[in-house]
Structures are given as C-alpha cells and as structure tokens.
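Think of it as A, B and C in the order they're written, each chain with its own count starting at 1.
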Amino acid sequence: MRLDELAGKINAELVGDGAIEVSGVATLEAAQAGQLSFVSNPKYAKQLLTTNASAAVVSTAIKSDRLALLKAKNPYFAFRQAVVLLHGFRKHPHAGAHPATHIDPTATIGEGCIIYPGVFIGPRVRIGRDCIFYSNVNVYDDCRIGDRVIVHAGTTLGVDGFGFATEMGVHHKIPQIGNLVIEDDVEIGANCSIERGALDSTVIGRGTKIDNSVVVGHGTKVGEHCLFVAQVGIAGSVTIGNHVTLGGQTGVAGHLTIGDGATIGAKSGVSGDIEPKSVMLGAPVLEIRRYRRAAAIFKNLPELLERIKRLEGLANVEAPPEPRESES
Amino acid sequence: MRLDELAGKINAELVGDGAIEVSGVATLEAAQAGQLSFVSNPKYAKQLLTTNASAAVVSTAIKSDRLALLKAKNPYFAFRQAVVLLHGFRKHPHAGAHPATHIDPTATIGEGCIIYPGVFIGPRVRIGRDCIFYSNVNVYDDCRIGDRVIVHAGTTLGVDGFGFATEMGVHHKIPQIGNLVIEDDVEIGANCSIERGALDSTVIGRGTKIDNSVVVGHGTKVGEHCLFVAQVGIAGSVTIGNHVTLGGQTGVAGHLTIGDGATIGAKSGVSGDIEPKSVMLGAPVLEIRRYRRAAAIFKNLPELLERIKRLEGLANVEAPPEPRESES
Amino acid sequence: MRLDELAGKINAELVGDGAIEVSGVATLEAAQAGQLSFVSNPKYAKQLLTTNASAAVVSTAIKSDRLALLKAKNPYFAFRQAVVLLHGFRKHPHAGAHPATHIDPTATIGEGCIIYPGVFIGPRVRIGRDCIFYSNVNVYDDCRIGDRVIVHAGTTLGVDGFGFATEMGVHHKIPQIGNLVIEDDVEIGANCSIERGALDSTVIGRGTKIDNSVVVGHGTKVGEHCLFVAQVGIAGSVTIGNHVTLGGQTGVAGHLTIGDGATIGAKSGVSGDIEPKSVMLGAPVLEIRRYRRAAAIFKNLPELLERIKRLEGLANVEAPPEPRESES
C-alpha cells in the first residue's frame, strides 16, 4: 500500500514521499525496507537513526530525515489501524462450530461465530453473533454471551462460585443458581475462570478486556471498557465501575466498590472501597505517591533505625534489643 | 413451599405467617413476592425495609414487621438448606461418562459419576462413586479419587511435580513416580493444578474445598475441611492441618507445616511454620493485629521520617541525605 | 539392581555391601528393605537412624553404620539418575498423536512425539521430535516448538498478547501477528499461558523449565536453563537472561531486563532492571539481605514508633496524632 493512501486511511499526517509502498509492519529493530514501524515514546526515537523501516507511525513531536513519518495524535491507535489494514486479523481454520465441539442442544449460537475444537457449551447458554471461542473453552449452563466476544483457549465461563455454608466444621455446597452475563465486545484471555452468581448474575460489561489466568468471583459486576491484566483475582460481590484498570496479579477482596476510572497498579491488594479516578498501588493499596514515598523509606528502614539509636544515645536512653530477622 | 413446612425442614424459628408460600430464593434487592431472601449481618438488615421478598432467613437478633422471618442460629447454613430444597443442584445434561471423554481402559470409575466431554482420565486412575468431573478436566495416571468429589472444568490432577536435579547448569527431570490422592467430598475449582508426589502421594484431605486457579505442589499433604481461596499457591512437601483457611493469592513455601485451624489472610506469603489456630496476614506473614499495626505505620512512614528529622534538628545532629524513591 | 552396579552407573562412591539389591526408590520414612532413599541436607541425616531403606544416596559428608551409602558430589543429581535407572519415565498409553486430537493439516510434527487426547494444534505450527503434549493443550497458529519439549495438560501456547490501542475510551484489539518459539528441552507445567509476540516472536530458551499456571507476555525473550516456579507472571517485552530463577507468584513488569544468573525470591514484584547474579526479594524487590533487614524492622514498627514517642517526650515536643489502622 502506498504511504499516501495509508496516511489517509489511518488519519495521519504524512511527512515524506507518499509513493513509498509498505507491505507489512515490524519492530524498529527487525523492520526491513518496505516495512512500517512505530514509535510514540521520544525515548525510543533514537532507534529511528538505525532502523531499516521505510516508514514509521510516530507521535507529532518526533522528527526524522531518514524515513517517512506518519504523524498521528494517537500514534498507537493509528499504528493499530495500519496493522489491521496491512495484516488483518487471524484467518480461522474453519467456519462455524467445529464438529469436535460439545454444544448442548438447548444452547443457541448466533451467526458468524467460530467455535474451535474441544469447546463445551452447556444447557441453555445463549451466544450472540460473530464470537470466537478458541479450543477447550468451557461454558457452564445458562450463561449469556453478547456479540463479538472473544474467549481464548482453556478458559472457563460460569463455573460455580466458591460458596459453602459451614456447619459443625463441615463445608456444605450452596447451589449456585445464578449465571454469568458477558456483554458485547468483551475479550477474555486463556485459562481464566469467571464464576456464575450464587443467586443473581456475574456481569462483565461491554468492551472490557481481560488478560490470561484472571479469576472473577461470583456475583461481581464489572463495568464497561475495563482492563484487567494477567493473574488478577477479584472476589465475589465486588462492584467495579467503567474504565477501571487493574495491574497484573492484583487482588480485590469481596463486597467492595471500585469507582469509575480508577487505576490500581500491579500486585496490589485492595481491601477497601476505591474512589473514582484514584491511582493506587501496594498491598494494602495506598494513593500511589504515598505508596512510593513509604516504599522508599521502607527500603531505608535499617538506616532509620540507626538514626533513632543515635538520638537515643544522645538522649542517654537505653535502646531495646535488636529486632531479629523475620523467620516467617 | 409453605413457610411453616420450610421452617421445619431447615430447623428455623418462624416469625410470621406460616401459610405464605415461597417458590425460590433471591438477593434482597432482586427478590419479588413469593421469594425467600437472606440476611445475617445486622449491617445489611436495613435492606429488609425495602425488599420485596416475602420472607427472609435471618440471624436470631434481626427483627422486621414487613416480612416473615425464618430465624436460625446458623442462618447461612439454614439458607443453604432452603436453596437446596427450593432449587436443588445442577441437573446434568447426561448421565455417566459422556462418549467424548478419554478414559484409559485400566481406569475404574464408580457408580453415579458424571464425566463431561473432553475429560481425560489416565491409566490406572481409580475414581469413587457419585463424582462430577466437568469438561476438559485432566487426570494423570495412578490418581486415587474418593467419593462425591467435584472437579471443575479445565483442572489438572496429578501433573508432574516441578522436580529437576541441576548438574552443570542443566536441569534434569526427575521421574515423578508418586501419585495424587483426593479423599471424599473434596471440591476443586476451575483451572487448578494439583501435582502428584515425586516419590510418595500428594494428599487432599476429606471435605477440603479449593477455589479456581489454585496450585498445590508435589508431596504436599492437605488435611480435612480446609478452604483455599482462588489463586493460592502451595509449594511441595508442605503439611497442612485440618480446618485451615488460606485467603486468595496466598503463597506457602516448601517443606513447612501449618497447624490445625490456622487462618492466613489474602495475599500473604508464608515462609515459616504456622502454629495451630493462628490468624496471620501479610508477606511475610505476621500475627494479624501486629501486621495491621505495622501496615498502618508503614502508610505513615513519611510523617515518621519528618518526626525523626525534627528530633535530629533539636539534637543538632546532621540528617543523612534523603532516601530516593525506589526504582525497582 | 546390585548396589555396586548402581554406584558405577550413577558415578557414586559405595560405602557398604555392593551385593545388596535395590528395586526402587522411596522417601526415608516410607522406604522398606530393598529400597533406595536419599538425603543431602545434614539436617535430615538423623532420619538415617530410623529408615528401613537398604541404601541411600547421600552427600559426601554424611555417614551411617545402619545402611549402605552411595556418596556423590551432587547427590540430588545422582539420586535422579538412580530414579531414572530403577523406574524410568512415564509409559504413555499410546504412541504418536491420539486420534482424538485436532491437528491442523498444515502443522508438522516430528517423529517420536506423543500427543494426548484433546490437544489442539493450529495452522502452520511446527513441532520437533520426541515432544510430549499432555491432554487438552492448545497451540495457536505458527508456533515453532523444538525437540524434546514437554507441555502439561491444559496449557495454552501462542495465545494473543494483551494488546489494545485505546481511542476515545474504547480498547481496540491489535492483531497479534508475531508467534511463539519454544527451543529444545523446555518443559512447561499445567494451565500456563504463553503469549505470542505482537509483531515478533516470544521466545522460551533451551532447557528452561516452567511450573504450573505461569503467564509469559507478548514479545518476552526468556534465555536458557531458567526456572520459573508456579504462578509467576511476566509482562510483555521483557528480556530475561540465562539461568534465571523466579520464585513462585513473582511478577515482572513490562520492558525490563533481568541479567544472567539472577535469582528473584517468591512473591516478589520486579519493576526495574535486575543486574546479573543478583539475589533479590520483596515487592518492590530489594537486594535480599536489605529486604530481610527492612522486613524485620517492619515487623517492629510499633515498637519503633514508641521509641520515637519517648524521644519526643524527652525533647518536650508534641507528638502528632496516632496513625489509624489502614482501612484499605
């Protein structure tokens, strides 16, 4: 595709020769002549001095004499548009439901869905149009799935919640009579476990994207356009707003509320409600700047202890015995 | 079912009109006339003022003029009994082993088991009676499974332990000649990985319930009636007593012992033995009140540092340079 | 097998009667006459006083009058050799690809591979010789797998990376046109998710061993002979050297570099580059001795606070109000 044509289609400003042709995309390091690359962060812009790419999608502030530039306000999105135009999405090896699937006769599946081998779809499940279910996905009974939902291999939807009533020390299973509702345009990674509600529905809102090995507990309501990075674990009965980002390995305790637009950094532990638009980090989570200041002092606790000892020496008070290194 | 009949069956004290009929259960918010709901925590009792439920199972201290109450000493268990009576457990779409399973001819499976499509059961596996194995469960050779065991979709039982002997920097696989023993009434969530022993058996004791995406290492012995919440990871050769609760995302290092009745909060890191009945939290774990006090001071480390600086100023000693924010 | 013959084959020094025959291996507690056991740590050597084993592989410093010893410089590796000689590896229930696999006609699989039921292998995948793919493994299109690679049940290879370009609050999927390359002699546990590259290849280097439920992000390059313990999560575009060990549940943020021979303890959070041969622990990670000292003081923060208050009292300055226990 000619660069001038591509620039028009991805809504970018062309700086360079519009007659150059590009046939595909590659990283700055790997790109060869005839390929398009990408750089948005000025810190990586020096790689433009050595790349063999014929052109690059860049942010508006970046300049280069060596190759043609496609400048865009949102260069990552413009680059994504170029990848779609030049490469497209995966061509599936079959259409519809592969014969080696196990779809209950009471389930309904919309037009245009691709169901890979080994997928199990239980009784009364309803799946919308143009969904992709990769191999060995499991869908328990009564789940409701919207349109254009992508579910990656090995993921389990609508599994029973972890609900037991304990009597005399024995845990008795509570029938999990709710279901799971996944709205349109959701994508879920591999090996995730999304529980059904105990009494009502677990809900994953429209456009939310979930990475691999994420667990969502029973009855939790997730809003629209959230991003949950790999290995996030969310307990039951949590309410999560729209546009919430949870970093990898973060955990959220049960019955909490996380407000719209909140961002929780990786490996955090959320055990209280989170205000909308908060940016939090740590276990337990703190406002991110406070967490970073506290973590910096944590690192220096040995020196802090020495300073206290010096003050005690000056004040002529006896220091208590040394703390021993933690055994557990 | 009439409330007076239900009260008798779930061993609850009826306060209200026994002739009221309930046909199902729902949350306080969603319940309609003719439905039964539940509240045990007095903090949620105010929802009784607005619910449309015809009746609710409650703890003995809760009162209401608006709807009939079924009072129980263990209201959660009484409610569970009501859910079982009014809804029952899942009706499976087939009986026995589905034809699309892969069961080794040397494996034996007891009466009343339901084996979903895509399940693989390896050589010499023995499975008791009335078990449920959901779709795409994997059972390696020689596992021994008791009666009434439930295993959710995508879980792997008896996988090789992570055992390698390193010689000259190369990791050589050690044949994992042990097996996995799962006792009666165990339930295991989706996408779990329970390893076989290297030389002997990994054991999951009677009545223990395991949530999704939990990993149990080779040779670990888990006692009876434990609860492991989602994403728990237990290394190899650990000994866990009876009635132990591990919160979500908690990790336990190898070769440790956790005593009967211990409770470890979510996201904890256990790297030493734990006394029976301890209640612990944190990474590394501390007694829970000590952890909470320390974590509260952690949050205020910036202020603590200021207080030390002020004391240094008063004592006329020079403060060391500021700690920098941690880079990693 | 006679002990003198075994000693020769595993390159150990025999102390005792070479005519003794052993037929298998067992733990010191479980071993019976005619069995071989193992102890390398002198702390467990007292079990030699009570074991019924006929012989044990031990480190050179350990002595016993009760049973024959096979002394080796690397006793764990010598014991592994004995397990291989006496027990061998798993005998698989079938040869080649089981009929209940789903292998795309454009995929190629080398000689000697064992492919269990339920495995899905996508278009243009290339698999080398003598690999073992356990049940319900999923391999996305274009992956390249070396020789002698073992992949345990339920694992997903080459799944799409978590790549979205956000425009006007909506996350747009970026086609993941890279692939996954797994080199020779890699072993991957159950329920792992290894992503394909967005534009180039994700690489798992020769001899690296990965435990259960590990996630590796798109475009990450892992070196040779690494060990990743269960539930490790590595983000995208990370560069990991050779002989790197990551403890269980450790997370690594995107675009970082971890040098050769580094060891990161369990449950750590890596958010900066790591020097070769570092030994690190904590979240955020610190050099391990510093982390342990800081963690020991963390445990004693309540006492530290009291010491500061006492100094403030002596200096006659007013203490600020008590920090409250963290709510979240």
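In the analysis below, a residue touches a chain if its C-beta (ideal position, glycine included) is under 8 Å from a C-beta of that chain, and two chains touch if they have at least 3 such contacts.
Here the structure is a predicted model, which is why all the values come from computation and not from measurement.
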| item | value |
| --- | --- |
| Same or different residue numbers at the chain B/chain C copy interface, by half rule | different |
| Cα-superposition angle relating the copies chain B and chain A, to nearest 5° | 120 |
| Between chain B and chain C, centroid-to-centroid distance (C-alpha), Å | 24 |
| Residue numbers of chain A (touch at least two other chains) | 118, 136, 154, 191, 213, 231, 249, 271, 283-284, 286, 295, 298-300, 304, 308, 311, 315, 326 |
| Chain C - residues contacting chain A, complex | 102, 104, 118, 120, 122-123, 136, 138, 140-141, 154-156, 159-160, 162, 164-167, 169-175, 177, 191-193, 195, 199-200, 213, 215, 217, 231, 233, 235, 249, 251, 253, 269, 271, 283-284, 286, 290, 292-300, 303-304, 307-308, 310-311, 314-315, 326-328 |
| Touch list for chain A against partner chain C, complex | 25-27, 30, 74, 76-77, 79-80, 83-84, 87-90, 93, 98, 100, 116-118, 134-136, 150, 152-154, 187, 189-191, 207, 209, 211-213, 225, 227, 229-231, 243, 248-249, 266-267, 270-274, 283-286, 295, 298-302, 304-305, 308, 311-312, 315, 317, 319-320, 323-326 |
